[in-house]
Amino acid sequence: MPYDLNPGDVALMGVPLDLHSTFLQGPAFAPGRIREALHSGAANLTAEDGTDLGATDRFKDTGDLDVFEMMGQEPIDRIEAGADARIATGAHLLSLGGDHSVAYPLIKAHAERYEGLNILHIDSHPDLYDSQQIGPLGHGCPFARVMETCQINRLVQVGIRTMNKPQQEQAEKFRVEVIDMQTWHPDLEIRFDGPVYLSLDLDALDPAFAPGVSHHEPGGLSTREVINLIRRFEGQLVGADIVELNPHRDPYGITAMVAAKFVKEIGGRLLSR
Amino acid sequence: MPYDLNPGDVALMGVPLDLHSTFLQGPAFAPGRIREALHSGAANLTAEDGTDLGATDRFKDTGDLDVFEMMGQEPIDRIEAGADARIATGAHLLSLGGDHSVAYPLIKAHAERYEGLNILHIDSHPDLYDSQQIGPLGHGCPFARVMETCQINRLVQVGIRTMNKPQQEQAEKFRVEVIDMQTWHPDLEIRFDGPVYLSLDLDALDPAFAPGVSHHEPGGLSTREVINLIRRFEGQLVGADIVELNPHRDPYGITAMVAAKFVKEIGGRLLSR
Amino acid sequence: MPYDLNPGDVALMGVPLDLHSTFLQGPAFAPGRIREALHSGAANLTAEDGTDLGATDRFKDTGDLDVFEMMGQEPIDRIEAGADARIATGAHLLSLGGDHSVAYPLIKAHAERYEGLNILHIDSHPDLYDSQQIGPLGHGCPFARVMETCQINRLVQVGIRTMNKPQQEQAEKFRVEVIDMQTWHPDLEIRFDGPVYLSLDLDALDPAFAPGVSHHEPGGLSTREVINLIRRFEGQLVGADIVELNPHRDPYGITAMVAAKFVKEIGGRLLSR
Amino acid sequence: MPYDLNPGDVALMGVPLDLHSTFLQGPAFAPGRIREALHSGAANLTAEDGTDLGATDRFKDTGDLDVFEMMGQEPIDRIEAGADARIATGAHLLSLGGDHSVAYPLIKAHAERYEGLNILHIDSHPDLYDSQQIGPLGHGCPFARVMETCQINRLVQVGIRTMNKPQQEQAEKFRVEVIDMQTWHPDLEIRFDGPVYLSLDLDALDPAFAPGVSHHEPGGLSTREVINLIRRFEGQLVGADIVELNPHRDPYGITAMVAAKFVKEIGGRLLSR
Amino acid sequence: MPYDLNPGDVALMGVPLDLHSTFLQGPAFAPGRIREALHSGAANLTAEDGTDLGATDRFKDTGDLDVFEMMGQEPIDRIEAGADARIATGAHLLSLGGDHSVAYPLIKAHAERYEGLNILHIDSHPDLYDSQQIGPLGHGCPFARVMETCQINRLVQVGIRTMNKPQQEQAEKFRVEVIDMQTWHPDLEIRFDGPVYLSLDLDALDPAFAPGVSHHEPGGLSTREVINLIRRFEGQLVGADIVELNPHRDPYGITAMVAAKFVKEIGGRLLSR
Amino acid sequence: MPYDLNPGDVALMGVPLDLHSTFLQGPAFAPGRIREALHSGAANLTAEDGTDLGATDRFKDTGDLDVFEMMGQEPIDRIEAGADARIATGAHLLSLGGDHSVAYPLIKAHAERYEGLNILHIDSHPDLYDSQQIGPLGHGCPFARVMETCQINRLVQVGIRTMNKPQQEQAEKFRVEVIDMQTWHPDLEIRFDGPVYLSLDLDALDPAFAPGVSHHEPGGLSTREVINLIRRFEGQLVGADIVELNPHRDPYGITAMVAAKFVKEIGGRLLSR
């Protein structure tokens, strides 16, 4: 293994996969761009709680998984194995890049390690389709797959603003707790008992804040609202992913910088436990 | 007539007119771009209240008016006639594109059908000039024309942040109720008795949310604030326009997507009555 | 002197300096771009309080200082002298452009004229480094220089979100009052006794609102929040700067327009005293 | 039929299809953008040979085919039928938009009407793959399908600069005449006996001239070279397509304007016969 | 007069005028942007013939004319007067910015000083309309005005690719020598007897080289071809203008840099006489 | 060593260094972007001579040197050592990224291995300054350093268009053969006896073809001209670098794709020996 992890470390892992997208390719290149933003010289590595990710040896980059240009079950299995290998050390995983189809194997690996796992899913879309033209592994389906196959305590979705009838039916079937943008308020308090996995789709943000995503869905969260949500929800954060950055639509790297900011805040919270 | 409307239907109508603009051409191409965003494959057609505009036969596109590259009274008359023909069927009009000069004939047609018509005007500018270099039909003048020639119960303006002395005098003369950005608050409640026409200039939004307009006026509304305003004001919405999208300043189509989002929310409200 | 100032006038002054930047050049070109935005034909010159900067003869442009392509102590001295010459007339200075290193000599000139000077510093960075690779005049150091050499009553920082350990130590040493983005709230009231100098770094804004800066730091203030802060803080505003606009990262001039909006609001407040 | 064509007319036809693309969607929106550029007010409708397409009633827009968001054999059949219906009147077809998979049914329709049909194929890619991940109808395969199923006299390819081994074998099998960029010269003379169909992939152009395509392949033709090629090759031009415009990568509409220029030059040549 | 000119000097003069444009405003801001590019730190001031414009005191910037936001005869008269005042000193004028309507008064001033004046007009459009919607001073008309009112020996146009019937008739009436893009060749030799005024519309260039113009007309000259033309035509260059730069369409300043390059090459030729 | 090279292999090596630049940072991120373009899914890996870099095991990526955020002699020494370690195996080096200061140590390493080394230097600038504000290792000085310290047979420069007096004097002192853009012609034949090192600065290209560089110098080479030059000059190519890609100015990745194209053509030539 090209990395050396200890319990409580934070393990960055890149997932260069985008062939499960329905509209545009691009998220396969997200890991490199987020790293570039993290080290861009335009910012430092200190989270807002004062944790300096550049000063600790507990924040480690474990490189990219070998899933580039793959489709179907094979890369899904590799992602689950890659996640499992890292969290087996007791480290916390922070997965970067890919379309949202990567969340299914990432959460599966966590659900097997953490009993009573909860999911905080921040997104403009519920991603609960039973299937898409591209099949049941499409990037609009991962939370249906998760709810069907994993032991999940609660799935709470924040930022939703595209709920349609087929997904509404799935949400009811799986007892998803949906906090849509009509009910969202910055002072809303979100509480979990037990371990929490955070799945953060950048299109939860308004396109003003995160233009570099495949699906522009206006009326979303601000970057500040998401930072505060990351820092303030109650529960034991154990792992996370940041998905759907599409560098092809991010000409000035602003969205990559937003993702890097989230890396710092999530990393800071994971390390400060 | 190339369309078949019934009472209560929502009739989309494109107005490709921009020669009454003072600064830049472009809004003549807005109708095509908003349609493109509506059908872009990056979003679905369900409004946030659950109304699926793609599943009903009451949401109809009646095409573009023949006013392209026209100036002066002729296109104004054609717009009034086009609006009148559609609302005569009992349908609700949702007009797309053009500079703001199109609001005058659109509102005139509504004022003649709806007694006691109120106007909810969302904009960064009051558009109350008596005249401009381009004449009294310029895109900075339509609400002066409306107040002079139509029977309007109340004109309420939201988002204003460019009030100057000549327009202040006009606002007082016409008893316009101006809610400028200094007094605006997201929890403000807006109530009308009777029918309401909504005129929505995209530059009411902050340029961060809607860069694709001719006049960037910083310090404006967020997309979420406008969505909530559309959904929450009290009164009977009877018709609407979305104006001043300038595709020449919208390189990634983000503003067209915002306009499409408003089409869905306005359409949903019009259909749910 | 190529300008004729009277007590109470507002004197615009351009400072084309950017060689104290650590990452990218560009802010030397900001003065011209802000003037271009002020006179762009896409907006008028009336502030939100009704002051029309185009109708008064008390709002005067005194041109650019001769510091282009300079580095080190020489331009710093020229800026102090240029500021001093203008404020010696009793006019209020509104300085445009440059990287943030220009704040040191600007504030020095004010501190010598105004006893008990306070500073309201709006920024994403504390700019309190003792030194940088580029030396002690680098654009990350001006408030360390100010606190060491000037008589300052209070230094209040708003918008901070990059505080790291070395700067935290400096902040404590100089008793800086830091209102970081975790504690910021739009309804926060800020009060000063006596004269106030406002130093406004455009990267205090979220990159969604001000992309045209060298350092994108997500999670910042909205343009509206800054406008309201400018208008509402209590105290006697006596001078101001607007810094760090980088036209190379502002392809559509949106950030220059934001700066021009702030010129109008700051100018309106300075004139309305 | 919503159009009325006579022998010798030029029939514009839009083909909004892009789900046979391997990398990015977008070309489905090309027809609208090319029409927008044709009528943009920034240019007139006169070809360089003096033919004014705006002054003749022989240049007719027959609208878009109903293939949006389709995949597989169904849209291919519709395109063949749509082309056939138009050329059956004796009109010349000029097809706009879509990915290159549309060329197969377009050429098939022509090959059945015109005995001894030749093809002038301008492209950076030979598009001769036997199959792609997306199947045998992928946009990298149309000329393999054409050569297998149609009676073609000669297939001449110009602009090629991505020939690899599998396509080289196909080129030899089908006796394709490949003029790659190493052998291309602006003074090269190209001559056909009999009818010629022109299939013009915009990525034949260097990305400097046509950035708005899915596949940037540097080292290509200039716009002037393609205009001159269109006007100067010998043979009887009978129909044409312009494909692979991707508006998502054409923020300033420059590539759409290039396509509109080609519409004028091809239209002028078709009408001047 | 705010400048001090001697015979043989080159006098830069900015002309911030764009209200005679038919499509988009913007060229009024060109003078500032060209100066910014000249002094950008990304290039030096040496022309390709070795003349260093930064080392001579014969290259002088005489500032901008006071014509901003004017329309009609008044700015035209001011431009003629401004040009005349400068060339009366024996200096050579190099006018920057504005739409092409500025060429009429500029050439008029030269024609009165230089007997037998020739014009080398580099453009994609002949600009020979008798009138436009905006009137006879529109930016599509200046060479009709010139030929009607000035004593011109020869008018030679290079780069033309939009000739239509009304302009063809004007070209014949005024005996204009049109070298259109079909006949243009880089090795073409152009010779004049006597004084030559150069009017350079940046849209003569292909949009790949000069995107920052209001009218994108593909199929144009390369920057290199224009540089070589400036340096190689035979005749006595006496004055020049560079027009139609539109900074609103030049997000990265590339076209301003092209204009600055032409300033250096024209300036070098004017000084080397 | 994290790579395994054999004689005749091509070794890619990234050099993430840009602190020797005078104007803008950025080229430190070039290696990642060029690799991204090489593997983008929008192109294949076959050079125009048919060499498939994806099918051979002789084309190896040896990763990035550890010089990020360094300045001065230290990174220069590391680059020389890194180059030397690779070419000591008999492999050919193809170095990616960095500002042009990296050419000095790269060439030094080659000059010590290859007796009678020639240099083909393609650039808009001669880069012969004795020193710059940033010192004698600035990115405008490397060829002065090379000529002072290495045994070089001939230095031939192509694409030059910014020669000024101080550099002209250096060119004469070092007997540099300068083929400037005035003398350049696509059919020019360039011949060397013995080994040749190719140093390719992307700003040799016209900004239309390569906008993503720090210094836009209009009037340059086309991508096709450079491809043909790479393939056609006579001599034994032994190593090469591609420098000055600045991703901050390459929003659509077009310049990175141009660099990737050159990697394929240079790689193809190196392998086909």
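Going in written order, the chains are labelled A, B, C, D, E and F, and every chain counts its residues from 1.
Just so we're on the same page, a residue touches a chain if its C-beta (ideal position, glycine included) is under 8 Å from a C-beta of that chain, and two chains touch if they have at least 3 such contacts.
If you're wondering where the values come from, they're calculated on a predicted model, not measured in any experiment.
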- For chain C and chain D, chains touching each: A, B, E, F
- Of the other chains, whose C-alpha centre is the longest way from the centre of chain A? E
- Of E-F and B-E, the pair with more C-beta contacts is E-F
- Whole-Å gap separating chain C and chain E, where each centre is the average of the chain's CA atoms: 39
- Message: Between chain D and chain F, what distance separates the C-alpha centroids? Give it in angstrom.
- Response: 38
- Note: chain A residues in touch with at least two other chains are 23, 25, 41, 206, 208, 222, 248-249, 252-253
- Touch graph of the chains shown: is it line, ring, star, complete or other? other
- Please give the residue numbers of chain B that touch chain C in the complex, ascending. 22-23, 161-165, 168, 180-182, 206-208, 211, 214-220, 222, 249
- Query: For chain C, which residues count as touching chain B in their complex?
  - Reply: 41-44, 46, 48, 50, 52, 55, 206, 208-209, 222-224, 227-228, 231, 252-254, 257-258, 261
- chain C contacts chain E in the complex at 25, 29, 32, 36, 39-41, 68-69, 248, 251-253
- In the complex, go through chain A and note every residue touching chain D. 23-25, 71, 133, 248-249
